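The following blocks contain the structures, represented as structure tokens.
After this come two complexes, each holding subunit A, first together with subunit B and then together with subunit C.
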Partner chain A sequence: MLKHLFKLIWNKKKENFLLISEVLISFMVIFAVFTLLVHNYRNYKLPRGFDYEQVWSVSLGDLGESKDKDSVGLMHENLRNALKSLPQIKELSFTSSNVPFSSSMYRTRVSYKGKELNTDIYRTEMSYKEVLQMQLVSGRWFSAEDNASAKKSLIIDKCGKEQLFGSGEAIGKMISLDGEEQKVIGVVESFKDKSDFKAPEPAIFTRIDTGNIKNIANILIRVTAGADATFEGKVYKLIASTMKSSNLEIKHLSDLRSSKNKETTIPMIIFFIVAGFLIFNVALGIFGVLWYNINKRRGEIGLRRAIGATASSVSGQLVGEAVVLATFSLIIGSFFAIQFPLLNVFDLPASVYLTAQFLAIVFIYLLVILCALYPGKQAAAIYPAVALHEE
Partner chain B sequence: MIQLKNIEKVYRTDTVETQALNNISLQVEKGEFLSIMGPSGCGKSTLLNLMGLLDAPSKGDVIIDSQQTLQLNDRKLAHFRNSKIGFIFQSYHLINDLQVVDNVELPLLYRNSSAKERRTLALEALEKVGLSNRVKHFPTQLSGGQKQRVAIARAIVGKPEIILADEPTGNLDSAMGNEIMNILLELNRIDGTTIVMVTHDPNMAQRTHRLLRLFDGSQVQ
Partner chain C sequence: MLKNYFKIAIAVLKRRKFFTFISLFGISLTLTILIVLTAFLDVLTSPAYPDVNRSKELFINRIVLKSNKENYTSQSPASFYFVNNFVSKMKTPEKIAIHTGRNTTNAYQNNKKMEVELMHTNVSFWEVYQFEFVEGKAFNAQDLENAAQVAVISADTRSKYFGEGALALGKYVEANNIKYRVIGVVKSAPATMIYANSDIYLPYTLAKSGLKGTSLMGEYMVTLLARSTADLPLIKEEYSQLLKKVPHPEKNQEILLSYPDSYLESFTREIFGKGEGSGKDRFFLMIGIFVFLFMLLPTINLVNINVSRIMERSSEIGVRKAFGASSSTLVGQFIVENMILTILGGILGVLLSLLVIFVLNSSNLISHMNLTINLTVLGYSLLACLVFGLMSGVYPAWRMSKLNVVTALKANN
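Right after this comes the complex of A and B.
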């Protein structure tokens, strides 16, 4: 019967051309939707590598250039002590302005044995790991022993480590950063700080050099669960009185995260709505064409009933024809879809495209079957004695 | 072979009730060639539909090959039609998108027969109606007579014991009509197929074993 249906559709390919094209276009749109969904979902499921809850980011604003580094360092120390004396503050760390989920970004290039890597760079303190509760994969975080070290130390995240060292050991290796050899002392879990839907990128953490505290304009503070808006006001006043900054700002990392996530989710929702309208129209189109076909083929349906088809086999045939028609479209569509992983378009993993392709195929089949069910039922209800005498 | 007992058929709409057949009792013996004649609208096709189990009577019994058919469900009726009955229609009812041989194979699609077996039987049937040279043609490439021969091949491909023909020569000129009639007579004579044919043509009816005349839904002869 399947061969018969293929033959029937193939012999009517000119009549079915528009419907095949319509299903093909829907497949490509659905393929794009699922690629986006699968890609974002996979990124969402990846570990973040840190905890943002109960963490505030204090932007100290423009502190101006100070020629006296010691006095700035002293001011930092005084502020740290004042803040840490508050019981609601568990831990804090001065850091560069590229705090998690912010729009600020510092990029640099490191190299190891001629292999280069573009990476984010974060300037941190010993307490940074505790504030963000980062997960150490191997080695250690910065400690007092690094003060006496002749070589500067740095920490790399898992994503950066894999790109620079592959599966080999990273701890103890010297990498070149800004023309200076620095020692890798630790590897932390991949640092997914751009958004929940963005894949982690290589990240390097260096320790704030007391001799160079330029750009250290942020404090990350981990607070207790009971820290409320009143406490936030208190912290604000305390920092403002110490730093004399003109544009001090306190933000919660959870708010920054949800705002960053919206940068992905809002365009995605708009895309889904547009795709949804398209699919709805296609569904109506398929439904309409099948309905029209049934009315055009009443004689044939009557004949099939006369020569031995049951009502359910007539209905099944109509659904089967729609499925065969969709198969023609999906074969053509799959040819185009498979080019994406083959040509490495958009630099996404092949598995994302293949999963999206599989889901799009299932979706199209379901859509077509759903659209064919009712016309199929109507075809089954055609009374053969009447249909055979209409022509 | 076919037994109709006190058949009545009434078509009802919200406002009108039409008596299509009124108390018809009829027996068609195995191997008999029966023709049915009567003016348009007298119930000939309705009677044929009842014999072909395409329609159910309002009253009465339809017994085919000693089998009471009124209690059969859709699945069993379909199987019964497929295995016992072949249909020929005035307007051929060929599927224009399928080649001649595929049209002939159609009834076998609803049986458990292999593709090879279907093809062999279809070619045999086409040979029988003299259309071996038109196997790969499409119905639109055939003349009326050839189309009807394809329809006959389709009707006999499953080797049914009964053929029901509804004005098989109605759309053909007399020469073509005679050709078709000869094929039907041959099927009846050589294969012993029971044939019931509705016709308007008294010359065709004369060539059959028995003639049944209908008028206003009632048997008049």
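Right after this comes the complex of A and C.
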């Protein structure tokens, strides 16, 4: 039966060439759609590793030139004391400008026994973990005992730990960072801070020290649930009067997160609308062409019915023909699609492509069957007497 | 003759309404998407309020410093030092506007939080950009020199800050804990005016940092207004001469690059630019490839449907051939028929895009964006329509003309 259908299609390959190429291109479009969907959905499902609700990010702006590190340290202390006295503020931490969901990035290369790793660096304080409610996997966060130690200490996230140490132990190892050996004292859960749709990248947390305090101009504040715009205005005034800043700005991490997510979702939605329109267009086209072909073959169908073929076997044949036609396209399409994981285009894991390819194949089959069902049913309704009489 | 073709085309369209619907649907939606995209590009690049002189303007948005070995590169907008000591001494431009990028800060009014954007400008900014003043006027050279705490705000900011319909002249807006007296209110610039739109405009002398020092990197951008378009190459020449005189003695900063670009080039250079090239050609190439890929599927679909439809008419073709019509006549007829279909689809497409554009404009998705279908956009869509019609008509017509008379006549059933 299937062999017979293949033969039928093969004999008419010239007529079917256009239909095959149309299904082929649709397959590629659908493949792209599903690749995007699968990739983004997988990243979306990954745990975030911290909590952003009720956290504000304060950017102090340009603090002006000619500041020495002592006066910056003093200013930080004044600001901290002033803010801590407000009951709505639970905890706060000074940090480098790469707060979660911001566009700011600070990347560098670290090495461990000759193995190198590109990683994000976050300058933090002892309270940073509390502000973002990060979860420790092993070891500990910074504490007062680090003040006395001769070597600087750092904390790495799970993603970075796996890339640098594999499954081995990380605590106590020395990593070379900023040209000096620093000790790993803790591992935290992977830090997915770029956006909900971006996979976590290696992250290393270090403490703010005299070497970099001049560049620290951001504060993360965890507030209580009752903190509203009036309170925010008060905080703004308080900070502005404590220090001289050119551009003070308070943002909520939840707002930053939604605008960061939009950078992924809006282009995706536009792409889906365009792809959806293309596919709808194609579906109508396939439907029309199949319908027309069936009308052309009334004689043949009438004859089959006359010699005893059942209605379901006639419609089954037509749907089967459409499926075989789609198979031709899908074989060619899969050949192209399989190149993506093989050549590692776009740096996505192979499983994403394979899942997307599987889903795209299912989608195309469903689409073709759906388009063929109605014309098939119509063909089954042909009365042999009427059809044969026309000749 | 054409009238005859037209009659036949309409008759054929009426015969198979479902096919007609599919064809028209495909054509009109494809064109709608293309027209909306073109309108969007048009609004981004063509001169409009407040930047009406765009064809006579050049923009300097960034300077690049490289080391000799090119292993160290940094780029940013220019510093005030660079702009004030070198660029503003240029002779060829008629006017030189300088302004910073937008800096966001918060304002709190009536228990509500607002995000406001601040931009520091010079006086020429108000001459180069033709803002329409709803109230008051711009600050003058005297205000600038005295570092008077005055501000020009946009109409949007006025209604957000002072309430709907309130007047703002002489009142105070507060940002960064400093009160500025409002001396002018301008009609809000659309967000698509990437360089000139802001909420609050201040004299640059009020900037708290960046006015001192001799670093070349800073946050100032320049708009050079030429007397006429013929002066543009002269300005470019003068600017490249001027760059040679700018000292940049630091290590790893041996090469200084910067270009005055037209508006479109100032964006394409950032994304596609390589060396001296502005990347404009590559930008157009990318758009071309995108449009081609986008139109490929609907075109194949249309070709497919057309082939089906045309085969349906094999008896008509057989008869005409038997009576001596040449292949080229038949091909011509079919292409004209197809053009009529495409143009019908095109008209529907324009109507649909008017609807989409109306919805987009009234939704205020991008603030104050005003998409329009002007003659340029219409011209491009007509072109797309013709290309579409030709592409989808030629192959079926060729297949038809190859039909054998005998089989064509016999195949009728």
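To be clear about the criterion, the second predicted complex is superposed on the first by the 384 of 391 C-alpha atoms of A that agree within 3 Å, B and C clash if a C-alpha of one lies under 4 Å from a C-alpha of the other, contacts with A are read in each partner's own complex, and residues count from 1 in each chain.
Throughout what follows, a residue touches a chain if its C-beta (ideal position, glycine included) is under 8 Å from a C-beta of that chain, and two chains touch if they have at least 3 such contacts.
Predicted model, so just to flag it, every value in this text is computed and none were measured.
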Combined model on subunit A where subunit B meets subunit C, clash or fit: fit
For subunit A as apex, the angle formed with subunit B and subunit C - C-alpha centres, to the nearest 10 degrees: 90
First, second, both or neither for A:Gly285, with subunit B first and subunit C second: second
Which of subunit B and subunit C A:Thr310 touches, first, second, both or neither: first
Partner chain(s) touched by A:Ile250 [first = subunit B, second = subunit C, both, neither]: second
Partner touching more residues of subunit A, whether subunit B or subunit C: C
Subunit B versus subunit C as contact partner of A:Met174, first or second or both or neither: neither
Touching partner for A:Gly299 - first (subunit B), second (subunit C), both, neither: both
Which superposed partner A:Phe277 touches (first subunit B, second subunit C, both, neither): second
First, second, both or neither for A:Leu18, with subunit B first and subunit C second: second
Partner chain in contact with A:His389 - subunit B first, subunit C second, else both or neither: first
Shortest CA-CA distance between subunit B and subunit C [superposed frame, angstrom]: 12
Subunit B and subunit C contact sites that coincide on subunit A, given as residue numbers: 299, 391
List of subunit A residues in touch with subunit C within their complex: 18-19, 21-22, 25-26, 29, 61-62, 64-65, 228-230, 232-233, 236-237, 240-241, 244-250, 274, 277-278, 281-282, 284-285, 287-289, 291-293, 296, 298-299, 390-391
Complex contact set, residues of subunit C against subunit A: 18-19, 22, 25-26, 29-30, 33, 103-106, 108, 111-113, 115, 118, 176-177, 207-210, 212-213, 294, 296-298, 300-305, 307-309, 311-312, 413
In the complex with subunit B, residue positions of subunit A that touch it: 1, 3-4, 7-8, 11-12, 299-300, 302-313, 383-385, 388-389, 391
Residue ranges of subunit B in contact with subunit A within the complex: 45-46, 49, 52, 54-55, 74-75, 78-79, 81-83, 87, 89, 91, 93, 95, 97-98, 102, 106-107, 109-111, 115, 154
